[in-house]
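Notes follow the structure.
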Amino acid sequence: MDFLSDFLTLFLGKLQSPTLGFLIGGMVVAAVNSRLQIPDSIYKFIVFMLLIKVGLSGGIAIRNSNLAEMLLPAVFAMVVGILIVFIGRYTLAKLPNVKIVDAIATAGLFGAVSGSTLAAALTLMETEGIQYEPWAAALYPFMDIPALVTAIVLASVYLSKRRSNAEEVLSKQEYLSKQPVAAGGYPSKQEYLSEQSITAGGYPRRQSGTAGKRVKIWPIVKESLQGSALSALLLGLALGVLTQPETVYESFFSPLFRGLLSILMLVMGMEATARIGELRKVGQWYALYAFFAPLLHGFIAFGFGMIAHMITGFSLGGVVILAVIASSSSDISGPPTLRAGIPSANPSAYIGSSTAVGTPVALALGIPLYIGLAQVLMGS
Amino acid sequence: MDFLSDFLTLFLGKLQSPTLGFLIGGMVVAAVNSRLQIPDSIYKFIVFMLLIKVGLSGGIAIRNSNLAEMLLPAVFAMVVGILIVFIGRYTLAKLPNVKIVDAIATAGLFGAVSGSTLAAALTLMETEGIQYEPWAAALYPFMDIPALVTAIVLASVYLSKRRSNAEEVLSKQEYLSKQPVAAGGYPSKQEYLSEQSITAGGYPRRQSGTAGKRVKIWPIVKESLQGSALSALLLGLALGVLTQPETVYESFFSPLFRGLLSILMLVMGMEATARIGELRKVGQWYALYAFFAPLLHGFIAFGFGMIAHMITGFSLGGVVILAVIASSSSDISGPPTLRAGIPSANPSAYIGSSTAVGTPVALALGIPLYIGLAQVLMGS
Amino acid sequence: MDFLSDFLTLFLGKLQSPTLGFLIGGMVVAAVNSRLQIPDSIYKFIVFMLLIKVGLSGGIAIRNSNLAEMLLPAVFAMVVGILIVFIGRYTLAKLPNVKIVDAIATAGLFGAVSGSTLAAALTLMETEGIQYEPWAAALYPFMDIPALVTAIVLASVYLSKRRSNAEEVLSKQEYLSKQPVAAGGYPSKQEYLSEQSITAGGYPRRQSGTAGKRVKIWPIVKESLQGSALSALLLGLALGVLTQPETVYESFFSPLFRGLLSILMLVMGMEATARIGELRKVGQWYALYAFFAPLLHGFIAFGFGMIAHMITGFSLGGVVILAVIASSSSDISGPPTLRAGIPSANPSAYIGSSTAVGTPVALALGIPLYIGLAQVLMGS
């Protein structure tokens, strides 16, 4: 019962956090038909600022780490980050009525890392006297950024395949009857157009006759990396690794982050009102995923961590940290990245799953579980 | 003569304040035909930032107060805030050649509260050893926000009535002669259009045949509250009361406030150049109002405070605070709110009245008056 | 050899500075065809923010100085700032294939002052125990702002003359053959149009028949001063001198400066990719100029400083400071000003010259030279 009361306390506390407060505020603003608006150019710039900050902070963390020593755990962090997105792609996305882009975005958010969950774990580990390598906390960008990149690329591949299929069907239908495509599993026109926009960069429309089921993957990956979201993220990462942006990071990007995120949340809330209805039939699947996924991800990472423990002597404390960052889902770096990288995904799905269920589960259930497991293994 | 020299010192000091400096700078920039411009989307975002900050700071102050204990003074603060706007509506706005929207906006600014005037009073009261409830300073949002909301709603009602009359007259004239309306008391086309914009949200154009003198008030109030200015203000207020936005407020909205306000002042100055001529014939009325209104408002609030003193034992120091916040006119929260909420009002009118006359009077004459009055009552 | 190793260390260190990092980052982003963009309105606002900050900081420095005492050195600083631009105009700009607007902009940047070079000199002088007037560091805005203004005005005059000639030639050609102008020394169409934009404010197109070689200078100077770049700079300067903007400067304009500059650098880098090819044939001239100009400028200023030393007793330490600020080239105030004031100049030319060669030369060679010279003169 302790768990349940902890869980509820955390859940209610989360509802009072300004991040979620601005999201709900945006929903209310839209629901009462307010004419409040954030200009589009401001919105784009805010997304840019957030993404470059996420990249910079990851890059600085990587530059300040001893890469040789942390090589194996870092590779494992990357593997786990990518794996988490694929797990979501083949579990959540396969559940009835769940939209595949929404599921991929949610999996990306659960692959990304929450700094506050990590901080909570570090505090608890200190109390319990569990030792870990000083660089272990710097493993997070190795999981965070690959997970987000994987999610955006997977979504692009999926949308590209679907469009290619739709065109093929369309061309057949046009040939037969020239009737518009509307029913069945195809997206509505509006949605179809908005999904197109993420890959509308400039590669040639393929001839519908030659399309078939095969979609070339690499052009889509390249296309995704050239998109404004991943460009900003990777630019920040590269600047963080290769230059010394600490002064500008600490005087500008970092202090503005929290505030700009709150405004992004407001915008996302304003959009969410129109789209929350989409989730009515599938809310239970998201709740189910958001409850079990953090625990599963943590155990997978714990397993990988134990392999590193046996091969390179990676500490058990480090194993716990790896499990915690896998278990956590991002409330900070993820939303702006996914919003810009997968614009057709419904933010209510991924933010709701993470904030309302995933994070409380990781905090109240995941952390004690992995710490307990490590203590049992230490004693053995 | 002490008062006059104090007054002149304060007046000259005010002219050197950066807020007014940027306003005058904007006027000069426009006067010399510079091509300097602040992009429109930036301007809108700055207004949003300022309004949400004003709302947040009010909301946080309210959440941190003991509402039960301060109930009666808080209600009185609201009543005084609303009353001040109505007083302006039926005094200043009735003077010859004074434009009614300008007068309503000015009254709104005199109803809103100046934090620096309040701080000056608190400092002086400490020197004089006057006791007051620790929550008394938190009364200010209860006066500030209702005054601004009232001013915006009153202006909407007035403009809506005038438009309705104009349409009626227009339809009659059309019937008679199809001549354009240009002369007389009707606004010029430009002005008429810009005034329409604030209520152009989407309620149906009424049939000119059925309009008559009656304008329904509630749709206009609802319309005003849905406007971007009051939406942002009330959103900030709600977030301040219901969530815990302190971190984001202190790291983002509050530190940026002063700077963003200076840029807003610059924009308002650039616009003011074109409109300052409008005030040539009526400057003396604004000076008259700005001299006497702070004192009158303070005495009214002092009266209400004394009622609370007799009913609930509200301290005499608290009564002075209530009088001071009524006497002060906002140089911070007011201008962005009024600029966005009553776009057709002339900023030169309300900012000039408050900064050049109202605030020095409240500081140099109002504060000593109310403190002296309280000390006489204490001695009795 | 000490100098060479110092020089290389400084050169490599500069490449890691975030300012240059963002510039190179922008070039890479553009080179890989990323769709990353900074909205135009944001870009314009960033330029405004940077320019007003440069003006404010100069203005505050001037207001806090004892103008009577520093009159002669201040006048000499202005003279040197203006002279540096004219030197560049008649040396660098005359070299084969060097574009004249690029050369003028580069000369403007070398006339402007680098705060970090000045700080390095002050530190070294303290170590060496060289005395100087406390106000000597405040001489920098007297050189910085005149140099930038002179460069922008010279560029306007040049472009205006060229356009006038082009029109004359055009009208003759039209008369003869109606063939389009493309070959020879005339700018390409694209470039021609972009250059026109800086003076397209609104003065009447002159009749091509009456144009001739004569271009009136004062309307162009006035036009330049009314442009958004110099308006913002001079507005900031005036506000810094006449009001007390310290609070808003320290809480807003100054802390945001470094971050906004990094974003401007990113944008300039994105543009530079397309234009770096222009420099292939003339890179050696820029390297030559950037190596010798800082030393020459320093010696000229040292000479003027010695005149002040003999007339008013200006200290030899002050003379060194005057030489150092002449020797330094701006990596901070200059780029945004020149970008906005001379939009047709190639940023790769002036930023590359200053950052890659000019600043290391001033630091590693200039400062020790002027200090040594002063010490020799002291001993004599």
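A, B and C are the chain letters, set down in written order, and residue numbers restart from 1 in every chain.
Going forward, a contact is a pair of C-beta atoms (placed from the backbone, for glycine too) under 8 Å apart; a residue touches a chain by one contact, two chains touch by 3 or more.
Here the structure is a predicted model, which means the values were calculated and not measured.
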How would you label the chain A and chain B contact, same or different, if same means the shared numbers make up over half of all numbers there?
different
C-alpha-based rotation, chain B on chain C, 0 to 180 degrees, nearest 5:
120
Separation of the C-alpha centres, chain A versus chain B, in whole Å, is 44
Chain C: which residues touch two or more other chains?
39-42, 256
Once bound in the complex, which stretches of chain B touch chain A?
39-42, 44-45, 48, 201, 226-228, 231-232, 235, 238-239, 242-245, 247-248, 251-253, 256
Listed in rising order, the residues of chain A that touch chain B in the complex are 16-18, 20-22, 25, 28-29, 32-42, 255-256, 258-260, 262, 266
